[in-house]
Amino acid sequence: MTIFIIRRILQAAVVTLITLSVVFVVGRVVGDPVRIVIGIEAEETRVQEVRDQLGLNDPLTVQYWRFMTGALRGEMGTSFWTRTPTMPMVLERLPATIYLGVVTALLAFPLAILLGATAALKPHSWADRLINVTALGGVSIVEFWLALMLILVVAVQLGWFKTSGYGGVEYVVLPALTLAYKPIGRISQMARSAIIDELRKPYIKAARAKGLSEKQVVFTHALKNAAIPIITTTGDEVATILNGAMVVETVFGWPGVGLLTINALSRRDLPLVEATVFVVTGMIIMTNMLLDVAYTYLNPRIRFQ
Amino acid sequence: MNNTGSQDFGESVEGRPSKISWLRYLRGLFSDTTTAFAIIFLMLIFISTVAAEVVAPYDPIKTNLRMRNMPPLTPAVEDGSFPHVLGTDPLGRDILSRLIYGARVSLLVGLSSALVSGTLGTILGLLAGYYRGIVDDLIMRLVDFQMGFPFLLLALLVLLALGPGFWSVIFVLAIVRWMVYARQARGMTLAYRETPFIDAARVLGCSDARIIFRHLLPNMASPLLILGTLEVAGLILGEAALSFLGFGLQPPSASWGLMISGGRQYLSSAWWLATIPGFAIFFTALSLNMLASSLRSITDPLHRERWLMKGSD
Amino acid sequence: MQREEIVAMDESNNTPSDQQITGNGGHLLEVSDLHVEFRTSGGVVKAVNGVNYILDEGETLAILGESGSGKSVGVEAVMGIVESPPGFVTAGSVKFRGTELRGMEEDQLCKIRGHNIAMIFQEAQATLDPGFTVGHQISEMLRLHRGLSKEEATKKSVELMDRVQIPFAVERANDYPHQFSGGMCQRVMIAMALALDPDVLIADEPTTALDVTIQAQVMQLLSELQTETGMGIILITHDMSVIADVADRVVVMYAGRVVETGSIHQIFDQPAHPYTVGLMNCVPRLDRKEDNLNIIPGSPPNPINLPAGCAFHPRCSLARERCLSETPVSAEVGPYHQSACHFFEEVLVGH
Amino acid sequence: MRNRKGLITISLLVTLGVMLASCQPQVVEVEKVVISEKEVPVEIEKIVEVEKIVKEVEVKEVEVEVEKIVEVEVEKIVEVEVEVEAEPVTSYAPSGEVVIAVGIEPISLGAWRGFSETGCPGCRSVTEQLVLRNYDNGSMMPSLATSWERIDDSRVRFYLREGVNFTDGSPFNAEMAAVSINHSMSAESGGTLADYLGGEMSAEAVDEYTLDIFTADPDPMILQKMDWVSIGSGQQLLERLDTYDTEIIGTGPYMLDEWKAGESISFVGNPDWWGNSSPEGLGAVSFEKATYRFLAEDTVRAATVKAGEAHIAQYVTPDDCKDLESNSGTHCDLEASVETMFIRPDTHGASLFSDVRLRRALMHSIDRQLIVDTILGGAATVASQICNPSCAGHNPDLAPVVYDPDYAKFLIAEAQADGIDTSAEIRLVARIAVIPQIAEVMPAIQEMVNAVGFNAVVEFMDPDAFGKALVLNWKDTPEDRNLVGVHLHGNEILDWATSYRFYMSCDGILSVMCDEEAERLWEEALPLTGEARVKKMQASNLRVVDQALIGHVAHMDLAYGISDDLDWKVNLDHRILLRTMKPAR
């Protein structure tokens, strides 16, 4: 177990290193951000001044070393625009994204698994078809379009929820719903096929022979074992949610990391972009570790090794 | 049927996939109504894309500011011309025609980036699975990383460096999605590597290249094609998201994503501007997804039985 | 566990199925003219084609046959757990204490499964759910059918594990199936099957996957438990040596049909079907010195396309014109001894 | 062939006529009649011009007043009599909350950023300025300074309001004001404000309540420019500089409550605001709390007002504007802004547009009115020059270039006859999403330009590439790239010379032109003041437009969705000032 943990941590470190290097390279290839920062009408001498201040005139190796050592200390430089350290700016936004992500997950996972299991209960029935089309709809829809439609119809016309902003239930439902649709689609399909695969296994026959009803067989026995392949693909869904978060947070004005990333990208605020990537990577690593724990919990064969 | 099946009824031998004819695949696909619809829809889209010049009733870039933002089913200005079935856009351009030409861009982006990423991913996956060792380790670490990383963020980062544009978008979408093919190709290579027919080939003295191209690749083609189908849908959506965020294709290119993105400022008065291309993407992606999932059921020996049997009960 | 107790409990639970069933007369289990087919893309697989047998209390009925002879599917059909689709029970009747089980509501059937008719399987390790502790899986039966509380059920589970001679039952109840050996897993399965003192226990090749010493232990355990509870056992196997020790009566199946039934002595001493004879010859015997085992020539038929007439004719040394066209019906050979061969007399003589 | 001089003379005559007519109260009616006659096709263009001129005349009167004031200042101290707009002195009794949806989140709350409404939304409700510009008539009004005098061309003396305190408790005096102003102007704050105002200014305390503002070179606009200089707490700058970017501290009607990053900034009323008891505060604290929410999507901002979640949505699209207007409980305010969409062809060396005929052909080929009426949804005015009538140097004699494709074709044919290859590819370049409708404006211009015989392609560039393409002086620009930039310029200073400096002067960093005569007139104008300066600028302006060195499409309007629950109207300055709003009765 310890070796397992150490391996994971080492892997995480390597992944972080790669990410940071990619980000650094991208950052240096990007055109001159200074003009965008200080305005199109600024004099060239001022541009050079600012470049000096931001350390953009140093040799690349010096910049890389400064960048990497900074990252080690959890410092990702100061924003081109605000001239303040970027890490606190990103970390400040983290709770909003985690909040949205958790609500999305709480919405998506049970619903997806319920849908998947219902579909698996009677493959090729009309319920299965309906669920299948609904699920495929989730992976086929343009997120920002869905978001705008939900705002205009559900929030403005029907007035059920708030159009935008950050807060409790009335604020979080629409963005979470938008964000959840894609994972619901994918996980429910995954769950369906995983459960169907489980249903072929001998222990299911035995469970039926024990006198369990088909529902009990599917929802307790097949589902618990199907959860293992489901969990392994859930790691990818974390990326899906973060992906969607950039779009959804922008549309709904949700003050999370996704919105910050888009703002930083459009302002060419490289240090801030770098910091968001760093934090996003960290988030993904953490979530995957949590999923590993869930995985070992669900899979006794690993737990007792 | 043979006598090796351990079950009470026949199954094919484990390992080498049993072949059923393409005709049977097709019949199987069409026996499912939704899949049949999906295929017909995709064929329609494809035909109109290829023959856009013939099919489109109007020039997609011909503006007519006096006919702007007309709702669907508006009759044409000139008598006898084709009505604007899907309305017109803020420059008075016919939306149906733009949709048809836009399909060309969207599908081209989807298909070509899927092709590039598919080729790249398959080759890397094959290498990883076939040679194992350090190559495998390196490639798979990268795959793991990219799998878990939001591809949109990666795409935006690279686009930031490349600048927006048609080829940048294709390039970016290709390099952010190669890993799904790599993962699948590697998995299958590992599985086939251990099967007797590859061993036999090796014993017969086949070169690595020959084993890979003549024996491994053909066997992996159909799952990879199915994956590619799925990916095309995802990539069209990805292009739309990039357009929305302002980093994707730029006008005067007319992709579906750009059409939705551009139409969103008119949602309150001319809903069709964003809604129609929105539905176009939705139904295309849905059809591709549906086709992929049916194809998977039909080519996977485990699912095939259930699928083909459906018609009989 | 004493029967009276169970009956008392059942009455208090007032389950309708129990009331119907326990008071009824007739045979414990009566299967007649059972047909099961699998509809696959390759065609319709007729796995079971008119199977008849009877089981009484305290009796052990062995069903003997090669792989693919439909013996497992047959009992699955009795339990009503044939995977459908592709499997369909197309005809026949299954009567438990005179009550027809076919066509019964699913929720009623669930109350009989596991409770009145229990089943154990070939590969015990695979038939235990890997995701739950064995204790949980045993107590699940008790909680489901008896409505016991978690604590009571756990306590009872440990007792059951003790009863099937699993050492350190208290501790092991919290272990997962993969932590048990194959033999131990089968014991767990048996404990589970016996949890509710079933009237019928169907054992589908319970010892096939086990090594010989363990096989003997498990069979020993089963017969001990049968003596204790007086349940009827259906033992499915292709292993003649197992049958010899425990079975009272034998049903021999070939290509989804019953080819011969009879008491253990009748089958062993006076086999009346060429296939049975073939099976007998396959068993190596210490009392005869032969250079080669007499194996049956050829292979089992394609279940999609069964040979016309007697399905065994392509492999039968006695086969002649009639066998190719006319499907033989069971004929009385002796008391409770039937054979589905046109020429059983010749077989009897020849043997 | 048209005679441009004749056209201008006609316009002048019409101007005079309309000026006379405008003395009578029926002007409005005249306009209406004109509009209804629009259906007569032949007349359209001229009528449009007349309309335009009518508008300009009204503003011209305003200009005259400005000039008068400036002249008077030169002579002696002016005790400015402020005409208080019948706003009774209200006691401090705020209630409720006002919510404003804005598009962009500020990157910092540094006091100096208050010059820009989008750069620091709400900041001008916290910090105040020495003087305020009255956008209705161009006059300057007292705010933190009660009076001022002009010492010389490069120095203005302000007499400050006494007894005012910053909300951090520190007193407002000349010394503290100087600290704040010098910080805002210096490189310490990034120097953006100095760039924006066109040169650094310095502040110096004379005594406790007397402050001098001076420049190195003569600058006639010092007083006017002080409207953009917000004064934050000097004590904060001296003692707690680290809080400068996040805690804006001023003397104004509202105080910063909380900045929720990515979400909103909220303010609360300042019970100790000096304006609570003075009519010179020009407003009142009517709300306990004011929240600015950041929503990047135009549609969503409009939706918040429609759904009753916000009272004001800043910058809604013309489409949403109409929708809000027809929706019950909301309305929409559309107001002209200082942003002007212009067309800037490469005009030097071997480029296609070094030929004046082709430049004119380009300008005549564009149907500006059609673009304004359709794509821009009527939320713009056809432009004749780089800044709108409110700026000094605006030349009222200039009419928008007439849309005349036939004349354009004629000019091209003439150029071709001289052996110029007019089929060279022209790159029409704009920045991605510079305004929401740019994606439609560009193809429209392209089609119009190509209709007369040019060969134009449209390119949209990201800010990087666009900056590289546009921010180039003509001396550094390749001669044959034939690039035509379409961009927006905002002359917030309301001084034409500033626009010229950047976009048209021989050394301008974004200038791809160098016209000797225009340059001479501009240089002559710079040191001048008053009427003489305006005259020179107008002459230079006329020259540039006449030579078609730079073209103009439209002055953009900006629209605001407003809830009927709120009593607020947007002003020409496009500032959302909390003191000017109150709940509707």
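Chains: A, B, C and D, in written order; residue numbering restarts at 1 for each.
FYI, contacts are C-beta pairs under 8 Å (C-beta built on N, C-alpha and C of every residue); 3 or more make two chains touch, one makes a residue touch a chain.
Note that the structure is a prediction, hence the values are computed from the model and not measured.
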item	value
Chain whose Cα mean lies nearest the overall Cα mean	A
Chain pair with more C-beta contacts, B-D versus A-D	A-D
Separation of chain A from chain D, taking each centre as the mean of its C-alpha atoms, in whole Å	42
For chain C paired with chain D, centre-to-centre distance based on mean C-alpha positions, whole Å	92
Length of the line joining the C-alpha centres of chain B and chain D, rounded to whole Å	48
Gap in Å, rounded to a whole number, between the CA centres of chain B and chain A	23
Sequence positions of chain D contacting 2 or more other chains	297, 299, 464-465
For chain C, residues that touch 2 or more chains besides their own	none
Residues of chain A whose C-beta touches two or more other chains	30-31, 148, 152, 200, 250, 266, 268
Residue ranges of chain D in contact with chain B within the complex	297-299, 302, 317, 319-320, 322-323, 370-371, 374-375, 432-433, 436-437, 439-440, 442-444, 446-447, 458-462, 464-465
Footprint of chain D on chain A - complex, ascending	30-33, 35-36, 38-44, 46, 49-50, 79, 81-84, 89, 92-93, 96, 148, 151-152, 155-156, 159, 162-166, 250-256, 259-260, 263, 266-268
Residue ranges of chain D touching chain A (in the complex, touch as defined)	105, 107-108, 187, 190-192, 195-196, 245, 260-264, 293-297, 299-300, 303-304, 306-307, 309, 463-465, 467-468, 470-471, 502, 509-510
Chain B partner contacts - residues on chain A that touch it in the complex	11, 14-15, 18-19, 22-23, 26, 29-31, 123-124, 129, 132-133, 136-137, 139-145, 148, 152, 189, 193, 197, 200, 235-236, 238-240, 242-243, 245-247, 250, 261-262, 265-266, 268, 273, 277, 280-281, 284-285, 288
Contacting residues of chain C [partner chain A, same complex]	76, 79, 81, 83, 106-107, 110-115, 118-119, 121-123, 126-132, 140-141, 144-145, 176, 178-179, 189, 192
